[in-house]
Amino acid sequence: MSGFAALLTRDLRLAFRQGGDVANVVAFFALAVILFPFGVGPDPDLLARIAAGVLWVTALLAALLSLERLFDADFQDGSLEALSLMPVPLEIQVLAKCAAHWLTTGLPLTIIAPLLALVLHFDAAGYPALIAALLLGTPVLSLIGAIGAALTLGARRAGVLLSLLVLPLYIPVLIFGVAASEAAALGLESRPHLLLLAALLAGSLALAPWATAAALRQALE
Amino acid sequence: MAGRELQKSLTGEGLACRRGERLVFQGVAFALAPGGALLLGGPNGSGKTSLLRLMAGLAPPEYGAIAWDGVAIAEDLAAHRARLHYIGHQEAVKLALTAEENLAFWTQMRGAADAIETALRRIRLDARATWPVRYLSAGERKRLGLARLLASPAALWLLDEPTTSLDAESTEILLAAIAEHRRAGGCVAVATHASLPLPGAQHLSLTGHTTWRQA
Amino acid sequence: MQRFANPARFMRLSAALLPWCAVAAAALIAIGLYGALFIAPPDYQQGEAVKIMYVHVPSAWLASLVYAVMAVASAVALIWRHPLAHIAAESAAPIGAGFTFVCLVSGSLWGEPMWGTWWVWDARLTSVLVLFFLYLGFIALANAFDDRTRGSRAAAILAIVGVVNLPIIKFSVDWWNTLHQKASVFRMGGPTIAVSMLWPLLVMAAGFLFLFAVLLMLRMRTALLQAKLRALRFGT
């Protein structure tokens, strides 16, 4: 079994056995979205207008919640140090951890999102674009978030600091994700925005593991 | 892979290490020949762990260089990592996984063949191989951490306080494993407070190399 | 490069340069302001409100330039592992944040009479706001660890990661239809701005540049003296 697969299965196995993490993320997402009708009033037109934005912002925040733990447990028990000494390149290991993070965060969010979109009276024509945009955008959230998680390992107030670092970098994903999701409802093409999201995904697949590995190495020095 | 790397030496010259803004030691040199053992001694804070980490390539030295078989390790860190086992203070075991799963993970990461059952048997964890590690004692977890040494081969062993939490019988097993490794041409560096009976070992005490002034 | 790496040399060099740079900064800014306020003509559309440009535009240029300096210093620090490069990056960060803040506030003050709004979420303004948060993140990260060198190195990596924002700031007005006007000075065909408006602008920019140099050197000297104090007290 290759190093990538070994690390991915280990992380998935741990997530499954320690339980709770996936449920926490999904529960937060659902609760936060449901708060909006209470906050802005139940007017269907208003909710439909803000639906895409609300879904994306809360998905972002939910993804952010679980990022803190991406490397922390391994850092605390010495596993990260041992992993950095393995022959498998650290960049590949980072990709494996990001994949595990996405499978336990981004993917469940993408699956739940259409249900929550119902609650917000999201325009039915926009569902394919919404799902496609989330499928493309949530991995980017995991990849960029990994950079922040690696940089803040062992810092004081790591959670708040992580948000401060990562949220500005999330803004392009948010902009294009919402634009793609809303396009169908506005009678516009969603393809250009989806292509931009795909470009962001390709770019972060190439660059984020490198930056994350550099940050991990200096955390271990 | 380990076979090719045996019978080679690890050397260091003029080594200095900085932790934070403090220069922990300077002017340290050592030569670890094939089959040799190096015992690092000195009080807490003298830099034993730091020197081991320099040897592992986890951090570059402030001054000086470390070489394997005459070639600086900094030139090919990936190859250096493939030829060593580094067992630090922490066991690097996951409590939610079984002993067997933990060990299988590390051997898979090293790309080595499965010698897991033999390794577990040698350190007397085979009876508890399918227990989640959270139910193992501190000594058993330490043994599991050391099991990596036996499960996949490597020419250079770097051990940081390997005998903490180990009972007498486990310490004997560790010493036997080290002796077998040395006979095969591998070398080992151990940082320890305890006096480990390693025949023919060099002693390197870091107290004299410290520049940290006591208040 | 290595010639300036020695702290003692830097202290001597900066001690010699500081007075000249300070004088240059003061003189250039004074001349620039005089030219901007009294000599340059008011814009045919905006009237006197256009004079905010003479503060807004140079501070915008410096905001990006300082970030570039910070990123280069960070790269040097990570590759050659020299503490002076870390000190340079960390000293530059608050100065850059200051210029960015001035840019945002002056832009807001200018936007009100010109566009009728204090803020708009177009590409240029958003990316400059992101730049401001990158500066804040850098400063926060550098100070977030008990081990100061760990903080410096983490912040250095962040600075390099954030460099992707600089081309976005520069080209956002070309890539998207934004409310913010397109480039009038740094463009392929040469400046399109009137000369009588251009020279005070360039003089102000030069003055801000010398101001940056002065502030940077002052902060670096202070940081080096603090490091020396720590070394004497706690032993290195």
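Order of writing sets the labels: A, B and C. Residues in every chain begin at 1.
In this text, a residue touches a chain if its C-beta (ideal position, glycine included) is under 8 Å from a C-beta of that chain, and two chains touch if they have at least 3 such contacts.
This is a predicted model, so every value here is computed, not measured.
The minimal number of chain-to-chain contact steps leading from chain A to chain B is 1.
The most central chain, judged by C-alpha centres against the centre of all protein C-alpha atoms, is A.
Each chain gets a centre from the mean of its Cα atoms; the one farthest from the centre of chain C is B.
Note on interfaces B-C and A-C: more C-beta pairs are in contact across A-C. Annotation: 37 Å between the Cα-based centres of chain A and chain B. With each centre defined as the average position of its C-alpha atoms, the distance from chain B to chain C rounds to 48 Å.
Mean C-alpha positions place chain A and chain C at a centre distance of 32 Å. Looking at chain C, one finds that residues 150 touch two or more other chains. Counting partners per residue, chain A has 221 as the residues that reach two or more other chains. Residues of chain B in contact with at least two other chains: none. Those residues of chain C whose C-beta lies close enough to touch chain A in the complex are 78, 126, 130, 133-134, 136-137, 140-141, 144-146, 150-151, 153-154, 157-158, 160-162. Against chain B, the residues of chain A that register as touching in their complex are 1, 3, 6-7, 10, 13-14, 17-18, 77-79, 81-89, 220-221. Every residue of chain C that touches chain B in the complex is listed here, in rising order: 81, 147-150, 227, 230-231, 234-236.
Only residues 56-59, 78, 81-82, 84, 86, 88-94, 96-97, 101, 105-106, 108-111 of chain B touch chain A when the two sit together in their complex. Residues of chain A that touch chain C in their complex: 147, 151-152, 154-158, 161, 164-165, 167-169, 171, 211, 214-215, 218-219, 221.
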